[in-house]
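Letters A, B, C and D mark the chains in the order given here, with residues in each chain numbered from 1 onward.
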Amino acid sequence: MHLAYPAVLAVLLFSVGVYGVLARRNVILVLMSVELMLNAVNLNLVAFDVWLRDTLHAGQALTLFTITIAAAEIGLGLAIVLLVYRTRRTAAVDEVTALGDRHEADGQGADDQGADDHEAADAAKEQAAA
Amino acid sequence: MSTLLAAAGPLEPAARSYLSPTGQEVVFLLVGVLVLGAAVVSVTTRRLVHAALWLVVALGGLAVEFLLLTAEFVAWVQVLVYLGSVIVLVLFGLMLTRAPIGRSPDADSGNRPAALAVGLASAATLVTLVVDAFRSSWIDLSGAAGTTRVTGEYLFSHWVLPFEALSVLLLAALIGAIVLSRTQGGRARPRAGKLRTAPTKPKER
Amino acid sequence: MTTAHDLGQPFMTPLAVADPGGLIQSVDWVAVAPPLIAALAALAVLVADLFLPEARKRLLGWLSAAGLLAALAALIPLVGDARSTFCFTGPAGGCSYTADHFALAFQLLALGGALLTVLLSLHTVDGAAPNSGSAAGLPGGEYWFLLLSSACGAALLPAARDLATLVIALEVATLPGFALVGLRRDGRGAESALKFFLSSVTATAVMLLGVSFVYAAAGTVQLQGIADGLAHAPGQLKPLAEAGAVLTLVGFAFKTAAVPFHFWVPDTYVGAPLPVAGYLSVVGKAAGLSGLALVTTLAFRPYGHTWGLVLAVLAALTMTAGNTAALRQRADTPHGAVRLLAWSSVGQAGYLLVPLAAAGYADSAEPLGATVAYALIYGLVNLGAFGVVALVGGSGRLDGFRGLAGRNRWAAFALAFFLLCLAGLPPGVVGLFGKVVVFRSAVDAGLGWLAVVMAVNVVIALAYYLKWTALLFAPSAGEAGEAGEAGEPAATRRTPAGLGAALGLAAAGAAVLSVAPQLVLRVVSGSLF
Amino acid sequence: MNLLDTLLRCVGTLVAFLVLPLVVGQAEHKVMAHMQGRLGPMYAGGFHGWAQLVADGVKFVQKENIVPAGADRKVFQLAPAVALLPYLLVLLVIPVGPDGMVGQVVDAGIFFVLAVMGVGVLGALMAGWASANKFSLLGALRTAAQLMSYELPMLLAAASVAMAAGTVSLPGIVDAFHWWWVPWQLIGAFVFFTAGLAELQRPPFDMPVADSEIIFGAYTEYTGLRFALFLLSEYAGIVVLCGLTSVLFLGGWHGPLEDDLGWLWTLVKTFALAFVVLWLRVTYPRLREDQLMRFAWTVLIPLALAQLALTGIIKVAIS
């Protein structure tokens, strides 16, 4: 098999993943795009491993490791997303901005966080009532 | 699976040319187009759960590609981990964050044109790079490079250290995920079916 | 087989098991002891957490500290000759793990930094943490476990000698960090964790793509083998190899928070529990830095001038961006102190990159010594600064530090000392020496322009460090108005034992090094690999 | 192996896939009835109601296929297939008799089986989400959680057998079998079978699909043929689980006259286990959702780990 086939497929997949990471707004969709990128890398590694006839099988070993890393990342990542959703009631990347650099003076004071959480709780109540 | 693959095409690379692809190459290309198409739909569709399901198609197709590249063990691990666990977790996450049926307003952000430009640019660069580098390289698929026995041998004769480090990683991820998804003060919640002695209200946050 | 020959790949024999007994790699347990002990301690803490009654949970913190001390002690027998283990039983040879001077120095930094962090977080973990702004404390057992496993990864990383181990060690060092950042389980922590997580995973994916390209071009993932492979790679694969090298650097640059991969730093540090922020700023950065040093000086040696230039530009950008942003921090923003430290740590990362760039130009690993020395100094002092901020607590505004000398003299003196060390002014002589060493490495390598940029940056940094120091000794204006929200009670509270010990250790260390800087500067002269 | 041979094996597997679940289903009717002191279906087909399930099938086909208005049509319609197909694939690799009496030899048999069976959970998730019904969604989430939790002990138990046999190929494992493996791997067999039962959501592990609790969980909105497909997948699952358990832990085709009657032994063992599955349904009360989870994590996984350790120790002692 021509090596260019898997290699081109891999880089195209990777680019699709890059597009997804940049274009998506929902955090879980971003995570899925990252998975696409990682899978592209896996295809690359397997193809190179077979091509090189590597006696150490570094490519396949690294592929297995990458798959495991991806699983670990997605597990932890979803836990984080759910945590954000629970406290902020959103899963959109660009709505999670409470910590940005604020150069304009904001008079909220030390407990702005508390206010945030209360807002979230209120929103939740409204949703439940609706 | 070997017989199924054998039915697909001769294992020996007969002629090395772009113009007369072997049966295996044809299958690889067809599956590749499917994978790529599914991936594109997965990152562009505005229905959240559909995106995840298209991702299933893409990742499953990749498992087939691994099989075609004789990496059998990797292919099964791909199915086991990605299709059986990762996607299920993703769907779980989508459903717990209230994925609506139909189009979702918060699927895409405003910078799609920029993202498209970056994606196309990276695709163009990388494809040029790869095609240029591998224009005269062929894979010889005659040896079985990825059976379970071979995999076991190389993992445990060469890659013990990263393998052990991975176990730390997995345990840390597991504990981290559990502790993050536990609600605050969740240790002593009343079990269903038992009488509550006092109304359990979470302490003021 | 013919394909490999056509492209000049080293000939590889088909897989054959030489002897069944040699199937499993032999292990030198002494050499791997430091990360191993950290991992075992992590497990021990996790199991102990299950069985200890609620009242005894405090012991877990001390157990973690003991584990890290033991891991540090395990470094001592390794001083001297380099020892390698987990060697490949093939014709190619090479090892996955090597405990040489470089590895030991960074392991010292990682494990020592983790130990200081444990001491810093002892009082944050048990019970209600008064300075975190939320009533919920941190879940003890899990906190220590995650911290220790991250430290294990950070200790494994500098000794890793192949890309697979390197990548996994980097993940082991970072991944528990995501959970640690969000461990308070409130909105702020979750947001920080999310930002940290998303940008880090993306960087990992990009880095892995680079690794795959490098693997294709060099035919191996062992660092030494990559250097040989790249040197002899056919011309056709050169662009691929270069692209791979650049993409790999991106991943590590992200972990060191080099510009333009730094945007996650301030938000993450602010939302994280303070000791965790300190930990990330020191150990997380050390992990990324050691990986960067290994990859560049060992694996990508043939492309020294290319990445030398890239790193030099990165260093200049990083220190400038970090320091200017730190300068623009206003005194009344919430969490301003942490934000300032975060930006200053970005700036410091710029200094740390300078010797790496110099190593590319000088075509030897010699300038790396400056990075090691500076990283050790920076780690000690920066953790100390985070410790004082944790001690003072309150809203974390810079205004809250006004007149600290009047309320808590020792804390004020300690913070002032740490800040002066970071700035590089007497009496913080050690910071000054560190900067001089870094400076010299740049000049020696012929990077005059970088030296100038660095000098300008040191001056910029002086401004905000001195401003903060001055604030400590200024009379408290508007006592009554400030008292309510600046955390007055927190400042007059008795210093918790762990925090005090950590501050004492850091201050004593910095002071000793200021008197006798040759202790750490000796690293500069010796050979690292 | 030529194309004809491959085709023949595929057809054989398909026939087994269509017939065996029906046999189990019919057996369930009659066995349950007799255990409860009833007769069960007696009329369809004449002799003891043997054609009852065929009649049921005809009825299901005639029913209207309803897709709820708010549902996601495509996913809703696709879900039964996703739930059913993995079992067909798994059946393809289960060896029935010695000397290649198997649909398709897969080198990494155990891995293949567990990997493919894990995909089935997607069907339940798709069905539950696409139904636009909160009970369905809840049931689907419970199903997914349950399947993910029980996947791990199943994997560990299977790993123990693979370790004992020194291979992960299913025919290879049966080849290596000795009678004393039964006591040796007893704990593993228990864990595997129980976890498999939970993966099938058979009673007593049927909390996610309990009709009296959350009105059939993910399958609430399904009618007609699609519902029948879900039912079929449950019975196919029983066949697959029992077949796997007998191959992995009970020696598959081993028994008297195994050269000629090997296939019969496999079938006998499979159906004996299937009988146990039915028996359990009649005997045990349903586990509560939290008990279900706790059972997986605090009972089965430690047991599986213990079995793994035991296997390792004895394996080292033997060699």
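Basically, a contact is a pair of C-beta atoms (placed from the backbone, for glycine too) under 8 Å apart; a residue touches a chain by one contact, two chains touch by 3 or more.
Because the structure is a prediction, the values reported are computed rather than measured.
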Pair of chains joined by more contacts [C-beta pairs], A-B or B-C:
A-B
Approximate Å spacing (C-alpha centroids) for the pair chain A, chain D:
34
Approximately how many whole Å separate the CA-defined centres of chain B and chain C?
31
Could you put a whole-Å number on the gap between the CA centroids of chain A and chain B?
13
Using mean CA coordinates as chain centres, what's the gap between chain A and chain C in Å?
23
Note the residues in chain B that touch 2 or more other chains, in rising order.
73, 77, 85, 89, 92, 96, 126, 129-130, 133, 135, 137-140, 143, 150, 154, 158-159, 162, 166, 169, 172-173, 176-178, 180, 183, 205
At least two other chains touched by the same residue of chain A: list those residues.
7, 10, 14, 17, 21, 31, 51, 53, 56-58, 61, 65, 69, 72-73, 76, 79-81, 83, 86, 93, 114, 117
Between which chains is there touch?
A-B, A-C, B-C, B-D
Chain C-touching residues of chain B, taken from the complex the two chains share:
126, 129-130, 132-133, 135-140, 143, 150, 153-154, 156-162, 165-166, 168-169, 171-173, 175-180, 182-185, 203-205
Taking the complex as given, what residues does chain A use to touch chain B?
1-26, 28-29, 31-33, 35-36, 39, 42-43, 46-47, 49-51, 53, 56-58, 60-61, 63-65, 67-76, 78-83, 85-86, 90-94, 114, 117
For chain C, which residues are in contact with chain A within the complex?
1, 3-4, 9, 12-15, 88, 90-92, 133-134, 162-164, 167-168, 171, 175, 178-179, 182, 185-195, 197-198, 201-202, 204-206, 208-209, 211-213, 215-216, 219-221, 266-267, 270-271, 325, 328, 330, 332-334, 339, 394-395, 397, 485
Chain B - residues contacting chain D, complex
1-4, 6-7, 47, 49-50, 53, 56, 72-73, 76-77, 79-80, 83-85, 87-89, 91-92, 95-96, 99, 101-102, 147-148, 191-193
Spell out the part of chain D that touches chain B in their complex, as residue ranges.
1, 3, 6, 70-72, 75, 104-108, 111-112, 114-116, 118-119, 121-122, 125-126, 129-130, 132, 137, 140-141, 144-145, 147-148, 151, 168-169, 288, 290
